[in-house]
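These are the structures in question, set out in turn.
Below, chain A partners chain B and then partners chain C, in two separate complexes.
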Partner chain A sequence: MRKYTPTFLAVILFSVFSLSLAQKLTFWHYWDGANGQVLQNLIDQYQEENPGITIEAVFVPGSELVSKLQTAIAGRQTPTMAISDLVAMPFLTSSGALVALDDYISESNVDMSDYFAGPLVYGLRDGKRYSLPVSASNLALFWNKAIFAEAGLDPDTPPETWEELVEMAQIIKEKTGKWGYELFTQGGEGTSWQWQVFLWNKGGDVLSGDLSSPAFNSEAGFEALQFWVDLIDEYEVSTVAPWGLFGRGEAAMVMDGSWMTQFFPMQVNFELGSAVFPYPEGGEIATNMGGEQIFIFNTDPETQQAAWNFIEWFSSTPVQVEWDRGTGFIPIKESVANDSTYIAWVKNARPLLLPFVESMPYANPRPPVTKYPQISDTLANYIVEALYGRMSPQEALNTAAQEAAPLLR
Partner chain B sequence: MKTNPLRSVLTHLLLLTGAFISAMPFLWMVTTSLKPAGVLYQAPLLIPTYFEWSNYVEAWKAAPFPRFFLNSAIMTIGITLGQTLFSAMAGYAFARLRFPGRDVLFFLILGTMMIPFPVTLIPSFLIIADLGWLDTYQALIVPRVVSAFAIFLFRQFFLSIPQELEEAALIDGANRVVIFARIILPLSTPVMAASAIFSFLFAWNDFLWPLIVTNSTEMRPIQVGLAFFQGQYGIFWTLLMAATVLATIPAILAFLVAQQRFIEGITSSGLKG
Partner chain C sequence: MTLSRPQVHNEGRAKRPTFMRTFKNLPIALFFLLPTVVILGTFNFYPALYSLYLSFFEWNGVSPKRPFVGLDNYQRLFSSSEFWNSLQVTVIYAAAMTVAALALGMIVAVLLNQDIRGRALYRALYFLPVITPTVAAGVVWKYLFDPSQGVINRFLAGSGITGPSWLTDPSWALVAIVIVGVWKRVGFNMVVYLAALQGVPRIYYEAAQLDGASPWQRFRFVTLPLLAPSTFFLTVTALIDAFQVFDLVYVMTQGGPLKSTDVIGYYLYRYGFRYYELGFASAIAYVMFALIFVVTLIQFRLSRGGAQGEN
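The block that comes next holds the complex of A and B.
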């Protein structure tokens, strides 16, 4: 027995040592179905490359993730790390429960200039960065090729400008009786974030540069809203109706999200195309943007470091290429968007996605303020008032601005 | 009294309309669950014309549903038994026992029904977290084994039972426990069935609390499991509806069984219903 003792001791010491190295991290996310599976595969790969690290990915339904994080923060039962829709980031950074990432970013020499500017607006507070973008989605134009052909238009040529959009929509309305363009007229974020694209197209913005006051009631805003009203009343190519006309083949064009490049082909029985969203002559290309950000909760330095190591790996270009190919999310970094395997995959497997990838440099962030949801609701309510003709665009946007201003103080 | 045939036809027409309105969501759900995704928005919406049974297979495979059903069953049985027993006991005390502050206490309990759940969500979560109960069956069951509504239901029912029955038992030497167990409860099948069906449906359909207190897939009940199909970016309607049909079957069965007991209870209790 005696002669085995040193070996025995060494084994014990080694197991104690490796036990202290073994770390379990929990990661809350809302990536469902196939996307969740892609994440799990990547995590498995990471665990294989990093023995001793276990990452438990927990799916939480997207609609309830913020409530669950809120209770977890209050009860100090937070996971090691989590993701969230970028709109919730101002709320989360104000909770005081997140770790500032600046030191990790500079130690790991992360090239922040490789990231698209839009998503980086989120996760900042008092000059510190608390989150990194991990995925994006944005808006572009979809068109129904069957209706275009029926109206005698070239089914492979979408409009590039607002003027062409109106022209084509009018021909479609005249020849087929179908709606030319579907507007989101039911209020809420759906109306608000689509309209913001038209606002940016005209060179306007939602809030002032320092985020302290509403700026959508500008000349650009009035023109953008007037254009929506004109689509309904003047050109008669759009209507106020529940969302879904395009999906049922009753409208020829629509603005919708990059995720629909996956869903539309499953749900509709006509051929469709996608294009960068049209802009007014003399205006600017623009799109709105969604997506997720990843962040770490305050724990102990070792756990935080382990979480960062995973985030650094997950954010690296090769992993992001794999991630975006698997999920259909839009790249958050230029090196991913320009990656030859990625581009080849888009062109072969998901050609509808290409205009969305190309739109990413023109993706504007919705204002990163805690009260954004309320401001957006107010804005949408008055946009709808104008669409119904109960208020002029000026009146509607000025009233919305008046009601939104106190929310920013 | 002779029934007027026209009146009978009108009554049945009215009943048929009511039945159709109640059945419509179910028909829509079943029809959607059997459609291929491509014809989701196409008529007919209420009569199945496609029979894409693979939706059920795919939905069943998409998540660990046997485990979700088991968790839902354990949680629902626990809550239903607990609510029925404890609410009956509390209801009896409020109906029959005399103690200081009884009515104030009763109205305080009733008052809790006016507090919306989100207000108590975080405090309840903190208690569960302090007890170390997160991600356990206790967390799913224990906080919900009392129900102000069920206490109210039992108290009102017990008040309608004639005092004389209990007085006769008292004379025969029975104590409160015996009276409650041997006289009152056997007379209370209808209200127990009513209370149990409310508890069952509440527990089976509950979503937010189970989501907040569970973290692992193994502990989640069926309603949280259904959220797997409601993605952030799109809803898999055909799969969601297939899974929802499966999740609804136990609730419908429970309702049918309890409904039968409900009617039996009224006819056999010897009380005028």
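The block that comes next holds the complex of A and C.
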């Protein structure tokens, strides 16, 4: 027995010693499948470059992440850092549990002017920044080349304007009997965030500049909603139906997300193209934007610093190039979007993604307010009222604004 | 006879020791109850009471600011047209689903109580939906209800009927949810009715037959009254279930179109988990609780009245 004692002691001492050196950071995220693997590979690389730091990436399903974080904050059992869908950022910053990043940023090599403006409006509270964008996705036009050819249209020329979209959709409807354009008519965020693109196309905005009142019930809003109603009633190229017509080859055009450049080719049996979303003559190019933000929870200065070091590395251009190539996410920084390796990869491996990357400078953020989900549902609900012909676009948007206004106080 | 006396004697003497023994066993009994008490207390009673407490606050679940608002949440709830819409939708769903599932369950049970070939298979088939996960069933039904590609409308088209667009039609979406709710409930009702039917003595039917009762009269005056206790039990449980319906709506319609399927369960989910209004959502939950409580109370009253009337 005694023979082992010194060894035993040495082992314990060594463990204590190395534990005090090694720093373990937990990182909650919802990137599954291939994306999760890309993240793990990057973390492995970081750990190799930084001995003594262990990052434990914990996968939490996307639908549960925010409520898990909510529980973690309430129970003071937060991870070191986490990501979240950008829409939840105003909610998360309201917790007071996140670390302000301004000092870390100013002392680091992170160049804020390199970021696209859109994602940067999230994570701000009382003039301080609590999160950084790490990935993005956005919306653009997909078209079915087979239907275009069947209707006698050039399968390689998508519409550039709303007017062309209507014109082509009508030809398609007439020649093939198929729907020209698929609208998201089921309400909720799907309807809301697609319609916002049309609103921005017309030069409108969702909320007033100071985010204190609804602004979607403007002339731009009425025209954008009238356009949706006209697609159904006037031009008869769209219909109120469960989402999925385009994927089944029953509609020729659709607005969908950058992630579909990966999924559509696996799901559909027709050739498809993608393009920057059409805008009205005299209007503006626009798209909506999703994506994730990364943030650190309040702990001790050393742990926070260690977490920041990882974030700084993860946000660096070479790592982001790797990240976006592996995941198909849209670059959040201009230096990544203009990186020659990245562009070469898009052109060769994922040409459908190119219009999305090009759309990023025109990506508008959904209003970064805590009550956004409720405002969005309200807006979507009245958009659907107009699509079902129960209200005029003016009446629908004015009522929605009336209901949304108290939520912003 | 000789054996019975010492027994009586023993019982008489054992009375006090038995009481003592019960008392002595109390700690052990409590010990065995402990897991249940702790688990129920931690995961049911404490959260339920905490939720009542939260219903008097305005809180998003993470903010350090949590102002006390008294009865504001309740006041806001009762003055909200959304709430009354949800209540109406829920009541319609509950009533339609409960009545239809009771009637169908009884019919199926009576039919499958007869000597027909393969009845074990039929019973199993009717029970299958009960054990099918609701979310999975909802997804499949969503496909079945698709207006252009769905099996249901294709079948209807085959019989020369243009089917409605179901889940996207505000006047049909709730009907579709009721259909799935009934489909999921019938098997359970059938099993309970079958068990009750097994307990009906044959002699009653024989007596009725001797009195010249027709098959319908035998059903109406023998089977139906004898199934009344089961009917009562099934009505109560079905209504409680129906008032809490959430998953079907979540999967199939998300409360739409135009809030035509925005049942209270989904309304509560929206406020609690999409809009982060825990105080308001707790108030919804308590109003829902009160509602189910009152409905059940009324049913107990009615059933007692019914039983007395029969006597």
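In this text, the second predicted complex is superposed on the first by the 389 of 409 C-alpha atoms of A that agree within 3 Å, B and C clash if a C-alpha of one lies under 4 Å from a C-alpha of the other, contacts with A are read in each partner's own complex, and residues count from 1 in each chain.
In this section, a residue touches a chain if its C-beta (ideal position, glycine included) is under 8 Å from a C-beta of that chain, and two chains touch if they have at least 3 such contacts.
Because the structure is predicted, anything quoted here is derived from the model rather than measured.
Applying the stated contact rule after C-alpha superposition, one finds that A:Val240 touches chain C and leaves chain B untouched.
Legend: residue contacts after superposition of the two complexes on their common chain; A:Gln374 is shown touching chain C, with no touch to chain B.
Judged by the touch definition given at the top, the superposed model places A:Arg248 against both chain B and chain C. By the touch criterion defined above, A:Thr176 lies against neither chain B nor chain C after alignment on the C-alpha atoms of chain A. Of the two partner chains, chain B is the only one that A:Met260 touches; chain C does not reach it.
Looking at the shared chain after the overlay, A:Ser67 reaches both chain B and chain C. By the document's definition of touching, of the two partners only chain C reaches A:Gly187; chain B does not. In the superposition on chain A, contact of A:Tyr388 is made with chain C only, not with chain B. Of the two partner chains placed around the shared chain by superposition, chain C is the only one that A:Gly96 touches, whereas chain B remains out of contact.
When both complexes are aligned on chain A by C-alpha atoms, chain A residues 67, 70, 74, 248 touch chain B in the first and chain C in the second.
For chain A in complex with chain C, the touching residues are 67, 69-70, 73-74, 91-92, 94-97, 185-188, 240-242, 248, 250, 370-371, 373-374, 377, 381, 384-385, 388, 390. Touching chain A in their complex are the following residues of chain C: 60-64, 142, 146-149, 165, 167-168, 170, 254, 256-259, 270, 273-277.
Interface of chain B with chain A (complex): residues 37-41, 62, 121-122, 125-126, 129, 134, 208, 211-212, 215-217, 224, 227-234, 236.
Of all residues in chain A, those touching chain B in their complex are 26, 30-33, 35, 56, 58-64, 67-68, 70-71, 74-77, 79, 85, 137, 244, 247-248, 257, 259-260, 262-263, 266-269.
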